[in-house]
């Protein structure tokens, strides 16, 4: 039982294969993105950031969609299972990670192309709100209580976030179009994609998707392990408390 | 070129923080895995 | 529903955080009984009462209260029990009457029933219009008991109800409980006032380290 | 006397009962009038110090009114649930069998009334301190905006307040959860108020679409809150 030297705890042959493919993909993406693909006519070299930034942002959105769906699956009585809750949690965590990264890379990209780290563009602002919302979601997951308490509380919160996102996006967009004439577009930032650039972006999406699946699988299993550890801790505590009564 | 630092930086930030996250997940699962026998893990 | 036992716990486990406060409790209570829960601090008396009120999750084991399964349907139990915990559940800015009326009305009690409850705990006089924040600890306990009376619960769960009450208040409380039991309610009282509660109770059980030991009927 | 003869209070009766109770507590305790309102006013004065220019103040007055409202809202929410959790009233509410939708609506209604008072005072402060002025039509827009915005704020506040009421150490979570959600209220109410004040020469007519946003927000969160509140409050 105490195999302290065990190295691969949450892996299976599938995730190992997936991991190897993902790693190869990352190498290929870096080589293509940084060296092989051409510079953009308008943006120059800075377009290379796109291959890391855009897929990350997309996958973050996808991760939050997965969180919402698995939360609904948990709340629906016929599919109620803590696995859904753990998938929701793992996905939200990976989503927050990817979104945090995209916010940073996006602002670096913005600094080069727009000359500013941040702009109050609707998509950017919504993304920032989304990020904070899911940071809050993760904080609520950490509040404690039993597994099912945690699951119910966070599932309701995740569905509220799904409701919140379109409202925030719509209001920011309305605010933006009415009050911000100088928009981001039309300042020589359009990217004209050639075949290789498109392929690199496509590869980026695939690599990030693989990375996402790998991360969520492992994180979800790690969460399951943590839940099991808590349960077996209860067994020990229960035995100790029962022994107390005998005396 | 000025932009070079930014471009490299964004790749470093991306894959660097993902690696850190992977490390933390692996570390946490190893710690938890010590107390859970292999046959109890549904995925094995 | 008439044949449902008020409380049936078998091997019930309830946790606070990671600590199993109830570690396999077995308890069956019949309708109309007044059961005294005794036992040292930290034995799990409060948790047992809260479990029966449907307020905390049944972690393991089986439990039914008033016919509802605690592991799947504990919310259905809640409105049929009356719980008096360590806290009184009163709003200090409201008067005695306002508090009792509020809690009575949440369960649909009529004005007459609320007035009767106030009278039952001798709160219909001078104290009626006094804000709870100006009352003594014993007077607050009385107010909480009046609110409990107004709830007309089927299962009364009382945690140290005698604490803070004066001699007259204790007599009144005992009389209220006896009357409720005669009328068909079931009562569980956790108390350290063994002598007093002992004469009130029809049966005593001892809670030790999260388990329940039956001490038999009291004559 | 055997069996249950407990009458379930309807959602409406519960909502009324809770709202009356909360407002009565506020009338006696005077937390809003003696603590939150002075705080909000101080914030308004501090804004004036920080921005230090009549022209700027006049331009940003609507935003400041709603920003001060938002911050004060956090205190009012915290107070609204401190009342329930300080002496175990929350447990009594949970075991009362009162419908959770009724509890939600009642608490939200009481919150909304308090927020309305707050907004009225803050708008008055803006008129005095920041020289905002309001036309007759602007007044109509402003009143409806205040109603819709406070309704939305109260709904969101009650929903997340219930979540953070349960245990200790959760109070600090409230701003993190509430503020991102109410961003549309801040945006919508500020723009609508700008039109009402005629800030930067914005016509009153431009404010109505923003009012629409606020109404949608208020309705959505009131309905969702009434449905979801039970599972957030019932641990």
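Note that the chains are named A, B, C and D in the order they appear, and that numbering of residues resets to 1 at the start of each chain.
Note that in this section contacts are C-beta pairs under 8 Å (C-beta built on N, C-alpha and C of every residue); 3 or more make two chains touch, one makes a residue touch a chain.
Source: prediction; values computed, not measured.
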**OP:** Could you let me know which interface, A-B or A-D, is made of more C-beta pairs in contact?
**Re:** A-B
**OP:** Take the average of all CA coordinates in chain A, do the same for chain D, and state the distance between these two points in whole angstrom.
**Re:** 32
Original post:
Can you give the whole-Å distance between the Cα centres of chain A and chain B?
Top reply: 13
Subject >> Distance between chain centroids, defined by C-alpha means - chain A, chain C (Å) >> reply: 48
Subject >> Length of the line joining the C-alpha centres of chain B and chain C, rounded to whole Å >> reply: 51
Original post:
Tell me, which residues of chain D touch at least two other chains?
Top reply: 235
Original post:
Hey, what residues on chain C touch two or more of the other chains?
Top reply: none
Original post:
Out of chain B, which residues touch more than one other chain, so two or more?
Top reply: none
Original post:
Which chain pairs here would you call touching?
Top reply: A-B, A-C, A-D, C-D
Original post:
Residues of chain A touching chain B in their complex?
Top reply: 1-4, 6-7, 9-10, 12, 26, 30, 33-34, 44-46, 48-49, 52-53, 56, 94, 97, 100-101, 104-105, 108-109, 111-112, 211, 215, 218-219, 221-222, 224-226, 228-229, 232-233
Subject >> Interfacial residue positions of chain C with respect to chain A in the complex >> reply: 13, 15, 17-20, 23-24, 57, 59, 208-211
**OP:** Would you tell me which residues of chain D are touching chain C in their complex?
**Re:** 1-9, 13-14, 17, 21, 24-25, 28-29, 83, 86-89, 91-98, 234-235
Subject >> Contact footprint of chain D on chain C as seen in their complex >> reply: 1-2, 53-56, 75, 78-83, 85-94, 98, 102-103, 105-108, 131, 147, 151-152, 154, 183-184
Subject >> chain A contact footprint on chain D (complex, rising order) >> reply: 159, 163, 167, 170, 173, 176-177, 179-181, 183-184, 187-188, 191, 206, 209-210, 213, 216-217, 220-221, 224, 228, 231-232, 235
